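Dropping the structures in below, format is C-alpha cells.
In what comes next, chain A is part of two complexes: it sits with chain B in the first one and with chain C in the second one.
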Partner chain A sequence: MITALRHSWQKYWYAWAMVAPVVIVLAVLVLYPLGYGFYLSLTNANEANVARDIGAFHAPATYKMVGLDNYWSILSGADGDFYPRLTWTIVWTVSCVALHIAIGMGLALLLNRKMRAKLLYRALLILPWAVPAFVGVFAWRLMLNSQYGVFNEMITAVGLPAQNWLATPFAQKVAVIMVNVWIGVPFNMVALLGGLQSIPKELYEASEMDGASPWQRFVNVTLPGLRPVTHTVVLLGCIWTFNMFAVIYLLLGQNTTGEADILVTFAFRKAFTGVSDYSGAATYGIVILALLLAFSTFYRRRQLKTEQA
Partner chain B sequence: MTSATTHSPATTGALAKTPAPRPKKVRGREERSTLASVALHGTLIVASLVAAFPVAWIVFISLGPKTAWQSPGEVLGNLSLDNYVKVLTETDFPHWFGASVIVAGGTTVLGVFLAATAGYAVSRMRFPGHRQLMWSFLVTQMFPMAVLIVPLYELLARFDLIDNYLGLILTYATTAVPFCAWMMKGYFDTIPHEIDEAGRVDGLTPFGTFWRLIVPLAKPGLAVTAFYSFLTAWGEVAYASQFMGADHYTLAVGIRTFATESRADWAMMTAASVIILVPATLVFLLVQRNLVSGLTAGGTKS
Partner chain C sequence: MRRGISIAAAVCALALTATACGSDDEGSTGKAKDAKDISGSLTYWDTSDATTEAPVYKKLIADFEQKYPKIDVNYENVEFASIEQKFKSAAKTGKGAPDVMRADVGLIPEYASLHYIAPLDGTLALKGGTDDFTEGPLNTTKYQGKTYGVPSVTDTLGILYNKKLFKKAGIEKAPTTWDEFIETSKTIKKKTGVEGTYLNPDSYFLLPFLYGEGTDLADTKTKKITINSPEAVKAVTTAKKVYDQASAKVDFANAYDNMQTSFKNGEVAMLIQGPWSVTDDLSGKAFKGDEDNLGFAPVPAGSTGKPQAPTGGHDLTVYQGSKNLDAAYLFTQFMTSSKSQQKIAAETATLPTRESAYTPEVTKDARIKGFHPIMKTARPRVALPQVGSLFTPLVQQYTKILQGDVSVKSGLDAAAEDFKKLLPGYTIGS
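Let's turn to the complex of A and B:
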C-alpha cells in the first residue's frame, strides 16, 4: 500500500505539483463555501439570528437546525415562488441559448466566406463581448427608457407599438432576453467560426463533386463537423444562462415586480433585501446546483451515446 | 436581375472544368452572384449596426449636455467634453479606476498562471484524477453565485480579506479559472507532443519544458485566457458590491453611485461608461486576432 503510494508519487508528482495551485484555490474558495452553504440550507438562519456585532456587544448566533424543512417548503410549492421562477428560468434559458446558437451560427457562416471588409465586420460583431456587461446593460437601460428611450422611437418608426420596456412584466421578459442575446452572441459566433475553420476543406470539395446542394452540404458536412463545438457551446451556454445574474439584476434594478426574476436573481434578493433570509437563499442555491448537475450529466450521457452511434 | 444570378464570376471553378456540365447547376462554395453578395454584405452591415449601436449611443449621449438623454436632438449642436471633465475631476472616478486596474490586473496574472499550469498538466500527463479535475472545472461553473456569496464573505472575513484587493482577486480567479483551464487544455492539445519530447531529450525538467518551450508556443491561447480573465474582473458587480467598502470601490460598484433609486445621472454615467470601455476595448484589440484560434482549440478538443 505504502509502496504503491510512493510509486505513484514518484511517477506523478510533477503533474500534481502543476495542478496543485488550482486545486487548492478552488477547494478553499469554492468547496468550503459550498459546504457551508449546504449547512446553512439546513438551518433557519436569517438576518435576525446570525452572529453579529452591535457596537461593542457581540450577539451569538441563535439559529438552529431545521433539517430538510427548507427543501420541503420549496419543492412542495409551499413558498409559492419556486415553480413560477423555475418555469420562467427554463423559458429564459431555452430562448436565450437557442437564439445565441442560431444567430451565432448564421453570422459565423457568413463570416466564414471570402469577402471584403471581413476583419471590420468581425471586429464590430465581437464588440458586445468586449464591453463589460454592466456597461452594456446601462446602455440598453438608457435606450429602453419608456419616456425618452431611443428604442421606442426606432420601433414606432417601423410601425410597431411602443412598450413600457422596464415596467410591465411581459415587456421586461422580452427586454432581458433581448439584452442577453446581444451580449452572448459574439462568444457563440467566435466559437462556431473557429469550429467551421477546423472542418477539413476536402470534405466540402468531395461533396461538391457529388453534386450536393448548399443546403445538403450544410446538413451533411457542416453540422456534423461542428458537433464537438456545438456540444460544448450549448452545455456551457445553458449553465451560464441559467445562472446569469448581471443582465436581469442590473437592467431591472429595484423597480421590478419580481416576475422577470430567474432563480439566481430571486435567491440573491432573498439574501440581500428586506430581512435577509440566508438559509432560504442557500437552499435555492443548492437546488439550482442540483438541477444543473442533473442536466449536464444527462446531456453528457446523451452526447456520448450520439458519438457512439 | 436574373442575369445577375446566373452569371457569377467564379463559375470557372471546379464545375466548369467537368467535361459534361450537369443539366441542373449546383452552386459551389466560393461562387456568389451579385445579388448574393448584396444580401451577404447587407446582413452583415445590419448585424454590425445592431452590435455597435448601444456602444455608439452612449458615446453620443456622453458628448452632449446634461439633459442629452432626454432630448438626443440637442447633442449635435452642443458637443462638449464637459461630462468627462466632471467625471474625472469632481468624483472619485479616478480612484475607482485605479482599484479596478489593480483587481483586473491581478486576476489576469493569477488566472493565466493557474489556468496554464493546470491546462498543461491535464493536456500532457495522464495522472490519477485528471478526469475528475476536468469534470470539476465544469461543475464549478454551475455554482450559483447566490449560494457562494454569504459563506465566501464569512471565509474572507476570517482571513481579513474583506474590503481588500487580494480577496476580490482570489474570488474572481475562481470564477475565471475553470473555463480558462479548459480552453488552455484544448490549446495545449494542439501543440505536438514531439516538442515536449525534444525538451526532455535536451535535459529539461517537465517544468522547464513547459516554461521554455510550450508557453512561448501557446501565446494565442494565453492571450484569450488573459482577455477572458481581465473581462471577468473588469465587469463583475455582485461580489464587488458586497465585499468592498467605499474606499476600495471598483468601477462597476462606483458607477452605481451616479444612479440613485429615484433617478440616474445619465450624463455622468455615460461619460464614465465610455472611459471604462477604453481599457476593455484595448485589451480586446490586442487579442482579437488570436480569439478565433485560441477559443476554438478549447471548444473542439474538450
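Let's turn to the complex of A and C:
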C-alpha cells in the first residue's frame, strides 16, 4: 500500500506539482471568499459593526451570529422583495435564453450555407460580442433616449408617435431583454454554428435519399446532432443571464421603480448604498448560488438521462 | 433585541473614540510642530470636474508644494459618482486610501459615523478658526458635536431661467411659489410653444418641495420618520402636479442629461438646478455669448411661504488612517484658505464657503453674482449616516408616484416602511 503510494508519488509527483498552484489559487480566490460569505450570512454584520482599525481609531467587531435569521427573512417573504425579484429574474432568464437560442440558431443556419461574403456577415454578426458590454449598453441607452435618441427620430420621421422607451417598468423590462438579446446572440450563433458544422454530411445525404423534407431534416438530423452543444449553451446562457448585472444596472440608470431589478442588481443596490449591509448581501449571494447550483445539477442529470436513453 | 445591540455598539464606539482623541492630544498632532517642519508625501482625491475644474486644483497643489517644499502631493481625480464606494473600501483596509479627500457634504455623517474620517477640532486644518466660514457650509461638517471637514465649496438649488423666453411669454419675473411656477410654465408653453420646465425625478430634487412644507425625510430629534407626514404628502402632491401639468416629458433613464441639454438649447425655459450646472448651461446655444440671458432666482416657496433648498457642496476631509496626518491637516488648511477659495471661485464659478473670499473680483463673475444671493435659502439636510441608503427606496416610490402607479399617500407610506428598516430606533409619524 505505502509502496504503491510512494510509487504513485514517484511516478506522478510532477502532475501533483503542476496541479498544486491551481488548487491553491482556487482555494484563495474561490473557496475562502465563499466560506467567508457563508459565515457573514449567518451574522448581522454591517459596515458599522465589523472590526475596524483605522489610524487612531480601533473598534472590535460587535456583530454576532444570528443563525438562519437572514435566510428566513428572505425565504419567508418577510423582506417583501425576494419573491417579486425572483419571479422577474426567472422571466428575464427564460425569455433571454429562449430568444438567444432561437435567433442564434436562425443566424447559424443562414451562415451554414455556401454564400458570398460569408466572412463579412459573420464578422458583422459577431461584432456585438466584441464590444465590451458596458459600451454596448451605453450606446443603446443613447439610442433609446426619448428626446434625442435615434429610435424616436426614426419612428417620428414616418409619422408614428415618439415612445418613452425606458420610462415605465414594462417598457424597461422590454428594453433590457432587447439589449441583452443583442449582446448574447453572437455567442450562441458561433457556438451553434460550430455544432452545425460538426454534424456529418452523410446523415443529411442519407435522409435526403429517404425523401425527408427540409423541415424533417431539421427536426430529425440537425436538432439531435446539436444536442450536446445546445445543452451546454443553454446551461451557460441561464447562468450568465441570471447574473447579468451590467445591462440592467447601466441601461436604466438610478431613477427607477426597482421593478426591473433582478436578484443580483437588487442585492447590489441593497449592499452598496449608504452603510453597507454585509450580512444581507452575503445572504442574497448564497441564495443566488444555491438556486443556480440546484438548477445546474438538475439540468445535468436530465441531460445525462437523455444521453443514455 | 436589535436595538440593544446597536446601543451597545454605539456606546462602545463612543468610548473608543474618546480614548482615541485622548491619545491624539498627547501625541503627534500638528499643534506642537511648526508647519515648515512637516515633511513627507500625501495623496489627495479630488472629485472636481476633470476638464473644467481640475486644472485650478492642480495649480493650487503646485503652489502648496512650492510653499512647503518638503511635502509631496499626489493628485488623483476620482469620479464623483464612484468615490463613495471607492473610498469606503480603501478606508476599511487602509490600502490605497487617500490622506485628504474632497467629500460631498451629504456623506459627512456616514463617513464620520464609521470613523473613516478624522475629527479636525484643534488641528492645523482648522487653524485660524471657523468664524470666517458661512453658517450653512460649516454646519455640514459637524457630526455629533465634532467637526469632520473643512468647507471648500458650497451650493444649493434655485431656479435657472431663460430670460428671453420669459420676455416672449410676457412674464416679468421668476415665480415665487409652486403654484406660480406651474402657471408660469403653462403660460410659456402657450405663448412660445417651448416647454416651461423639466422636472428632475431624482429624489434630491424633491427636497425643495419637502422643505417648502416644513418637513424632511426624518426628524433626528424626535426619532420620527416624516416622509409620509401630511406635509410630505402635500409636498409630493405638488411635485406630481408639476410633473403632470408643467413639465416636459421626462425620460427617467436620462433625466439629468436630457434636462440639461434641453435647457441649454433653449427647448425648456426654466429649471430647478444648482450652480455646478451653470458653466455647462453657458456653453449651450441659448446662452453662449449671451450670458445675461440666464436668470437666477430662489426655489419656489411651499405653503410655509419660505423658499428653502438643501445645502450642497464639498468639504475637505482627512482620512483617519492617514500615515501623515500633519501634512494632511496642513494641506486641508491651505486648500480651504480664503486665497485658495478665491482662486477656485474665479476659475470655476463655484461658490466659496468663506465670507472673506467673496471679494469684489469674485462677485463680479455673473455666475457667482447670480447664485450668491440664493444661498440664503439653503438649509441643512438631515444628518443621518444612513441618508445615502434612504434615497434608494425614496426614488423608487417617487418614480412610481410620478408615473401614476401608486397614489402619493401609499407610495410615501411604502417609503416610510423601508426607511424604518434602515433606521433602527425610529418610528413612523410626525
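Convention: the second predicted complex is superposed on the first by the 283 of 309 C-alpha atoms of A that agree within 3 Å, B and C clash if a C-alpha of one lies under 4 Å from a C-alpha of the other, contacts with A are read in each partner's own complex, and residues count from 1 in each chain.
Going forward, a contact is a pair of C-beta atoms (placed from the backbone, for glycine too) under 8 Å apart; a residue touches a chain by one contact, two chains touch by 3 or more.
This is a predicted model, so every value here is computed, not measured.
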Partner chain(s) touched by A:Leu252 [first = chain B, second = chain C, both, neither]: second
Partner chain in contact with A:Asn220 - chain B first, chain C second, else both or neither: neither
Touching partner for A:Phe272 - first (chain B), second (chain C), both, neither: both
Which superposed partner A:Phe138 touches (first chain B, second chain C, both, neither): first
Which superposed partner A:His58 touches (first chain B, second chain C, both, neither): second
Touching partner for A:Ser95 - first (chain B), second (chain C), both, neither: neither
A:Tyr148 touches, of chain B and chain C: first, second, both or neither? both
Contact breadth on chain A, by residue count: chain C or chain B: B
First (chain B), second (chain C), both or neither touched by A:Gln303: neither
Shared chain A contacts, counted only where both chain B and chain C touch the same residue: 145, 147-148, 254, 272
In the complex, chain A residues that touch chain B: 8, 12, 14-16, 18-19, 21-23, 25-26, 28-30, 32-34, 36-37, 40, 107, 110-111, 113-115, 117, 120-136, 138-140, 142-143, 145, 147-148, 150, 182, 185-186, 190-191, 193-195, 197-198, 204-205, 208-209, 211-214, 217, 228-229, 232-233, 235-236, 239-240, 243, 245-246, 249-250, 254, 263-264, 267-268, 270-272, 278, 281-282, 284-286, 288-289, 292-293, 296
Interfacial residue positions of chain C with respect to chain A in the complex: 2, 5, 8-9, 12-13, 16-17, 20-21, 23-24, 27, 85, 88, 91-92, 94, 110, 113-116, 118, 201-202, 249-255, 258, 261-262, 319-322, 325, 385-392, 395-396, 399-400, 403, 405, 422
Parts of chain A lying in touch with chain C, wherever the complex brings them together: 44, 47-49, 52-60, 62, 64, 141, 144-148, 164, 166-169, 172, 251-258, 269, 272-276
Of chain B, residues touching chain A in the complex: 14-15, 22, 26-30, 32, 37, 40-41, 43-44, 47-48, 50-52, 54-55, 57-58, 61, 69-72, 113-115, 117-118, 120-122, 125, 127-130, 133, 136, 138-152, 154-155, 170-171, 173-174, 177-179, 181, 205-207, 210, 231, 234-238, 242, 252, 255, 261, 266, 269-270, 273, 276-277, 280-281, 283-285, 288, 291-293, 295-302
